[in-house]
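Just so it is clear, A, B, C, D, E and F label the chains in written order, and each chain counts residues from 1 on its own.
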Amino acid sequence: MYSLTIRRHAFVAHALKREAFGPARNLHGVTLIVDAEFQAQELDANNTVMDVVRASRILKDVLAEFHYKNLEENPALAGEITTMEFLARRIHDGIAARSANRFRGRLKITVRESPEAWAAYEGEVTAKPRPGRKRA
Amino acid sequence: MYSLTIRRHAFVAHALKREAFGPARNLHGVTLIVDAEFQAQELDANNTVMDVVRASRILKDVLAEFHYKNLEENPALAGEITTMEFLARRIHDGIAARSANRFRGRLKITVRESPEAWAAYEGEVTAKPRPGRKRA
Amino acid sequence: MYSLTIRRHAFVAHALKREAFGPARNLHGVTLIVDAEFQAQELDANNTVMDVVRASRILKDVLAEFHYKNLEENPALAGEITTMEFLARRIHDGIAARSANRFRGRLKITVRESPEAWAAYEGEVTAKPRPGRKRA
Amino acid sequence: MYSLTIRRHAFVAHALKREAFGPARNLHGVTLIVDAEFQAQELDANNTVMDVVRASRILKDVLAEFHYKNLEENPALAGEITTMEFLARRIHDGIAARSANRFRGRLKITVRESPEAWAAYEGEVTAKPRPGRKRA
Amino acid sequence: MYSLTIRRHAFVAHALKREAFGPARNLHGVTLIVDAEFQAQELDANNTVMDVVRASRILKDVLAEFHYKNLEENPALAGEITTMEFLARRIHDGIAARSANRFRGRLKITVRESPEAWAAYEGEVTAKPRPGRKRA
Amino acid sequence: MYSLTIRRHAFVAHALKREAFGPARNLHGVTLIVDAEFQAQELDANNTVMDVVRASRILKDVLAEFHYKNLEENPALAGEITTMEFLARRIHDGIAARSANRFRGRLKITVRESPEAWAAYEGEVTAKPRPGRKRA
């Protein structure tokens, strides 16, 4: 099994509004260091899992939802508890939506908020049926 | 699959008393940088694999057996060869014993002794039957 | 010349409200990784620049002004542009105020917001005249 | 499952001669930071996955094909596109060839060319039939 | 004293053609991780040593001479021994030439070729007399 | 000003036998990550501060006093409080004694015991009068 991993970061403000989170209930911020690991059984004709520049651009595009933002002002996240685990899953699904016609396989997203704590989500990226076309 | 990882360190003296270990047979010491990765299929109601503060405290409690200690003076380790692999397993089992009523799933422990070498143990944490109660 | 350095981090939200800062004008957040380097010409009777536990506690106390906070809500920072450089200076002065009766010498604070950018402030910590006592 | 990982580096020149690689088509160079992770279900009699000194030496021997070399001058690599993924596989197979009589299990090679991008190959190391002996 | 540091990397091929360099006489390559530290006594009106985006762009522009290049093919470097120390100095002077009308002060360049070895050059950046204008 | 830095590590057991050190009074151990920074005003004929292989070997030789050792059994250290600051000074002086006929200038030694704490000593390396020869 092969993999290719790209790292980028995002500067994010948020608040974890549950009793359990103690001081993290306050509006505060984190530098998220995000690794996107694309996994494949075989390499393509260029001996790559995926083009490294394209992979980096997709990750950049997906992180644009968070980078230099306050997640509390994002209507799409209203009511969500934006833990590292949640963000790893959301980044995973964002990349899957953007790359599914070019990449199929497992994708693992790791989100680091400090040198002492990080979270990850790993799941399958599958081809999407094209809109407007039925699968009989 | 989700995971949450916590990192802490411990300052440990030990000796690896086998011919094969060369100079490591001497009493010497290492800074163990220990990562505990808790894995789960689903998130809990707080969108976490586990509470990060609790996870950090469990790891701290388990490392207390080693931190600022000489393993050669620990009767529970008498006769053991305390390699990184052995310590990873022992930390795994220590965390499992402390967290099994709150966490079930795979747990991976990585133990780093230098920037050039590390070891890991990964295994399942399962619920323990409560003492004094039979399972029919 | 000797030095002792302690590292801790803080989770901070802020906004840099000047045209020049582009997207950083938005409310966003950063993990600040902060190094406090205490410098001394000579060691004390314990062969240390300063007690490592005390140094870590002082840094923790000073970072409490920022950790898990939104700097925009802090009246003491109203109107300030809270760049890394500014924060390095403020942390420096906070440590100086707390440690001046125990530590005199140069103190360098480094503040990292990402793996690609950091800032520092270095200056002298001098003894403060005790309040209520004049120096003739 | 246990694992032991060894890290070494190699200084390599190469060129990726395909349209898709843009400026990487030029002859340029990279520091490859290589992690070799040996995985095993059980520990040996010394409580190790493998002897750490031997593992490091095997990795060193395999990297000698690349270290301080220009891959474009290596006949064995003529016509190959020497991406990180390709090199991870080649290092995997080189270690497998050297260690198969001592190590059997999964082996994962990670190759880092910068703090922002890395690739890996993971596969089984199996015992080789001895030359000159047929498998009926 | 304040400072701001920016980190970028470059992928470089070269050969150190002197007896003393042993295997480094071969054409080989390195990932140069380059830190540019701008030092200033006072902050500007934005509470910065220098604009972080501009600093990063200047460093990128200067590294373009090396990134994805073979230094042996650069006529401007003909006959030079392109050690890390030499490259640190050259990057310093390149930044000085580009930034002297905006930045005056000390500039320190650190060049890392591996996790085990790095070099630096530190010197003053001074204003250049504009061409065609005499200083009486 | 130029510098060249070499990093190596050592596995050390010791005890800090003073009330002030709390649990560090126990015999325990640390991985010391040691940086030796050689500083020079000018480069030599090879465009280096010092030969990198020689510098690494000198550091290795000096660390041999500590690597895989228990400092409490070293008669030369009897009665010493072997803090990071003390060890940085001792390593400095050891390197100075071995390199003074080849290197003159400032030498800075940094000793890291964890990702959260490190110490340094910086001082001049000067030529030693040869034994048996007077300076009039």
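Keep this in mind: contacts are C-beta pairs under 8 Å (C-beta built on N, C-alpha and C of every residue); 3 or more make two chains touch, one makes a residue touch a chain.
This one's a predicted model, so the numbers in the text were calculated from it and none came from an experiment.
Steps from chain C to chain F, taking the shortest chain of touch contacts, total 1. Both chain C and chain D are touched by A, E. If you compare D-E with A-B, the chain pair joined by more contacting C-beta pairs is D-E.
When the contact pairs of C-F are matched by residue number across C-E, D-E or B-F, over half of them reappear in C-E. Interface chain C/chain E: under half of the residue numbers present appear on both copies, so the contact uses mostly different residues.
Chain centres here are Cα averages; for chain B and chain C they lie 34 Å apart.
A straight line joining the Cα centres of chain A and chain D is 29 Å long. Counting partners per residue, chain D has 115-116 as the residues that reach two or more other chains. Inter-chain contacts occur between A-B, A-C, A-D, B-D, B-F, C-E, C-F, D-E, E-F. For chain E in complex with chain C, the touching residues are 1-8, 43, 46-49, 51-53, 56. The residues of chain C lying in touch with chain E in their complex are 18, 20-22, 80-86, 88-89, 115-123. Contact residues of chain F toward chain B in the complex are 9, 11-14, 23-24, 26-31, 33, 67-70, 73, 113-116.
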